[in-house]
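Presented sequentially are two complexes of chain A, the first with chain B as partner and the second with chain C.
Presenting the complex of A and B:
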């Protein structure tokens, strides 16, 4: 590897180094605060190192990795999200009885895996990234192992993720068998000759879609989502919902753009069915939930369906729309789970409707932040979610995907119902005065409160003045050859 | 800039009112009142400051344009013409009343209440002012959430159900409008290469008939639900009767008007061909609404629900007039919007007074209040008469002009619409009869109106009389923008238009004599 290679991989190297450093520090001196500070600093450092790469056009490290504007943006997004999640984690884990420090190693490793995903252009690096992400998540999900549902969630995720990885591997093998190559552009070159996909290749793609669909938790591969969301600690749930999905989505976009999968009606049909089914299943099942984490789980399924609408648009505008929506969705989801994490105590997470009853009158600021997050998920103006949904709709209308667009609109209305339900609960008068939970020193919550404030402000800022973000996305993507070609 | 200040003042006032609750419990209402009155003064200043607009010159009085999201062609455009100005005056007037009426009624969480109230008003103001379709949708939605809270937190017993229903109906229809806006945006973009949401530029889009029809239905969905027109009205009685008094006033007086305004401002000029095709059906829906609303109003026992159904009936005249496509009818529609806002608002105010005293809205339990509370009785009588269309009061002018206009468009439907006036008399008199004249079922004391309540109702009385006796300023203000909306329809019949314009003042003179 040349010096240039090192420079371009700096964010990933920083993360790797941080993971090692934390392990050594734990061996020497176990202290939550120090580990937490190291984690935060390394995320910030990795993020700052991206500024060096801002102007990069396309830098390949043959044959595995490629770093371009698209990758830089997605890595930046995921690092920022991971940083925010670690900020929210401190107060949450401070009150737990378990060993807290290893959590941060796992968090860093999972982020590293997600980052590898978005820069990979080869099946080997893809699989490597995916497994680093998955294995870290197995442990993260069942981290608070004395809790009732944590084993269930962990084992469910472990078995299903391993299963889906097997599908993905088999799919890759079939693709390799019919094209004889494992790099994305090699596959694209091999496929450019076909008008219709040969059966074997199609089967291979189908199996890969199963693997990818599992990670994205789209219907019909969504079964794990509510249980894992419910069982995992709130900050980990936020991670599963954002960084893990974002990384896989980035990979999917890169792969599909490279091989130009939009030419094949069969693939489009599969994705259309998946998108429509995800929107409906997510929203309709969420209507019946009484647990806030499960509501958010089903809502995330439907949001992935919305994202697929923009994905199916297949234009550059579609990719911009996905990216914009993803940013909005990340802000919102991290914020929502951040609120849950903040309200949780050491025995269980604040996930029942009762925990939120009358929240507005007990803790007005927290409730305001949560209301803003829910309204953003519902796509109401003044929030980032609205502009994101608008962008997705615009991409769909622009490419005349009327069916998908109509389904999106219908589902937004269904979705409103359960978001409003949670908000209405927060506005109710509490029946009995609740015993205030025993809380830690207020100073511990500074990071959480600050993060939530930042997220809420970002949400409104993006919602009111999206120009800056749109500008940034467009300028980052302007130089990416696979996108510009479209 | 003055237009921007109006909106900013309301929004900032809302936030301040919320925060001010901590310093002193009465501060929020004073802040809210101050913000709205300042806006009212600004709007009056604009009205008096502009010379009577001359027909033919540009109807736009003030315009403001700031780029917002240039990549998508979204601009922050606010523009004011006669129609918007009248709507703004109505908005701020009713807004101030809504604050006064809540003065004692709202005791819990008053800071948050005034925050919501001011933000609803800000959204409505934005809807009446903006000439960018993206921004229009934006404000259209901004109205909803605070209104949802107003109903859902401070409403009566069944408030959650009503708030949900209101929200889902309006949100679903709004999203259809968003789709239509996007469709129009891309059609315009592909024709001219300029992607923009600017209303003035989108007016120049040429649409093929099918596309025009589909897009028009998208817009209609939002406006007909908001208005509401009969098959889509079922949210209205619930929302009106469960909302607190201030909420009912804003719903009936202002939110419904945004639907009518949308029809005038967007549907008519953007889709002339499709609107002409749809006109007979729309007028039919209007007539059905007039009669259906009246019959249901007659059969209600809940006073607020009764008044809510009269709104359905009155809004039937609006859609009847809008789709008659002539100046008479549209002048009538504008008058109807203002007069209905005042008269129905006042009836809700009276229902609120009664509820405050009796803690019931059931008219079976009322009666004999004429002798106990004569001031309230007189004021109620005036507005009941206004609602049934007594000459000399604003609603008469409105309904008369609408019917004259729609007669030219469709004789038979106008005949049936006129039957609605008879039915209006029946249900209106029933209110007076049941509440004020019949012998009292129980002998409860009923305090008469106090000074604050008189301060609320007397200006409404004055205004509704003024509208009935001397509507000319209103008609003058509205005329240029009405002609603007009708431009697409009038080119083949220029001569007729002149005749109509010349005749209007004479008619008003006739009305004045009659009422004297």
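Presenting the complex of A and C:
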């Protein structure tokens, strides 16, 4: 590896170094605050090191990795999200009786895996990145083992993720069998001759879609989502919903753009069915839930369906729309789970409707932030979610995907109902004055409160003045060859 | 050579089916060893003797020994065999098995009809070639594997060190009902 390679991999190297450092510090002195500070500093440092790479056009480290504007933007997005999640984690884990320090190592490693996903251009690095992410998540999901549902969530995720990895591997093997190469551009070159996908290659792609679809939790691979969201600690749920899905989606975009999978009607049909089914199943099932975490789980399924609409547009505008929507979705989801994390105590998470009854009268600011997040998820104007949905719709209309666009509009209306339901519960007068649970010192909550304030401001800012973000996305993607070609 | 490949592949599939249909875990484990060895032979016939050796050493050797330790610690008795037998009723597995068989048939049809784009002459991949690939172009991959192991170890350490006895809610309900 040359010096240039090191420079371009700096964010990943910083994360690796941070994980090792934390392990050594734990061996010497277990202290939650120190570990937390190291984690936050390393995320910030990794994020700042990306500014060195701003001007990079396309730097490949043969044969595994490629770093371009697309990758830099997605890594930056995921690092910022991971930083915000770790900010929210401190107060949440401070009140737990478990050992807290390993959580930060696993969080850093999971982020690292997601970053590897978006810069990989080879099946080997794809699979390794995915496994680093999954293995770290197995432990993160069941981290609080004294909770009654954490084991269930952990086992469910472990078995299903391993199973879907097997599908992904089998699919890769079939693709390798028919093309004889494992790099993305090699597969693209081998496929350039086909006007119609041969059966074997189609089977391979189908199996890979199963593996990817599981991670994205789209219908019909969504069964784990509500249980895992419910059983995992709130900050981990935020991570599963954002960074893990963002990394896989980035990979999916890169792979599909490279091999130009949009030429094949069969693949488009598969993704169309998945998108429509995700939107409907997510929204309709969310209507029947009483648990806020489960509502957010089903809503995330439907949001992935919306994202696939932009993905199916297959144009540069579609990719920009996905990226914009992801930014809005990340802000909103981290904010929503951040509120849940802040209201939780050491025995269980605040996830029942009762926990939110009359929240507006008890804690007006928290309730305002949560209302803003829910309105953004529903796509109400002046929030980031609205602009994101508008962008996705524009991308769909631009490529005449009328069916998908109609489904998206219909589902937005259905979705509105259950978001408003949660907001309505917060406005109700509490029946009895609830005894407040034992709280920590107020100073511990500074980080959480600050993060939530930042997220709410970002949400409104992106919603009111989206031009800045759109310009940034466009300038980052302008130099990426696979995107510009279309 | 082609015939040995097909025989070994058939043995691998049959023994794996036996693994999942045994009631006694030790018996299943014996079939698992057979399955690993058959896969090793498949590797060998495909021109990868080093991989074949690794398959035997790591899977049939180390991993199976670990599983045996776990089973010994779990202290299996005849009742467990009976319970396994009750769980594995035909009504449970016939449906999924039929559907899987359909998929298998489809896959076999596709694979038999396929002609891969390039057929290269088989080159024996020995230990030296594997090493050159791993520490040449795929060096970053090896380092990523290290990170993967680190995530696994840290996670296993955290989940394994719990002393507290946690009873699952289903079991709790049952014991309350009893």
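Just so it is clear, the second predicted complex is superposed on the first by the 486 of 486 C-alpha atoms of A that agree within 3 Å, B and C clash if a C-alpha of one lies under 4 Å from a C-alpha of the other, contacts with A are read in each partner's own complex, and residues count from 1 in each chain.
In this text, contacts are C-beta pairs under 8 Å (C-beta built on N, C-alpha and C of every residue); 3 or more make two chains touch, one makes a residue touch a chain.
Given the structure is predicted, the values throughout are model-derived calculations rather than measurements.
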Ask   = When the two structures are overlaid on chain A, which partner does A:328 contact: first (chain B), second (chain C), both, or neither?
value = neither
Inquiry  = I'd like to know which partner A:102 touches here: chain B for first, chain C for second, both or neither.
reply    = second
Task = Examine A:228 and indicate which partner it touches, taking first as chain B and second as chain C; both and neither are also allowed.
result = neither
Inquiry  = By the touch definition at the top of the document, which applies to A:117: first (chain B), second (chain C), both, or neither?
reply    = neither
Query = Is A:405 touching the first partner chain B, the second partner chain C, both, or neither of them?
reply = first
Key: Per-residue touch tally on chain A - higher for chain B or for chain C   = C
Task = Name the contact category of A:87: first (chain B only), second (chain C only), both, or neither.
result = neither
Query = Looking at the overlay, what does A:386 touch: chain B (first), chain C (second), both, or neither?
reply = first
Set intersection of chain A contacts, chain C complex versus chain B complex = none
Remark   = Within the complex, chain A is touched by chain B residues 68-72, 109, 112, 134, 137-139, 141-142, 144-145, 148-149, 152-153, 160, 163-164, 167-168, 171-172, 175-176, 178-179, 182-183, 185-186
Note = In the complex, chain A touches chain C at residues 1, 16, 19, 23, 61-65, 99, 102, 105-106, 109-110, 112-113, 116, 124-125, 128-129, 131-132, 135-136, 138-140, 142-143, 145-146, 148-149, 151-152, 154, 177-180, 190, 198-200, 203
Inquiry  = If we count contacts the way the header does, which residues on chain C are in touch with chain A in the complex?
reply    = 107, 110-111, 113-114, 116-118, 120, 137-141, 144-145, 147-148, 150-152, 154-159, 161-162, 164, 166, 168-169
Query = Which of the residues in chain A come into contact with chain B in the complex?
reply = 360-361, 375, 380-382, 386, 390, 393-394, 397-398, 405-406, 409, 412-413, 416-417, 420, 424, 427, 465-467, 470-471, 474
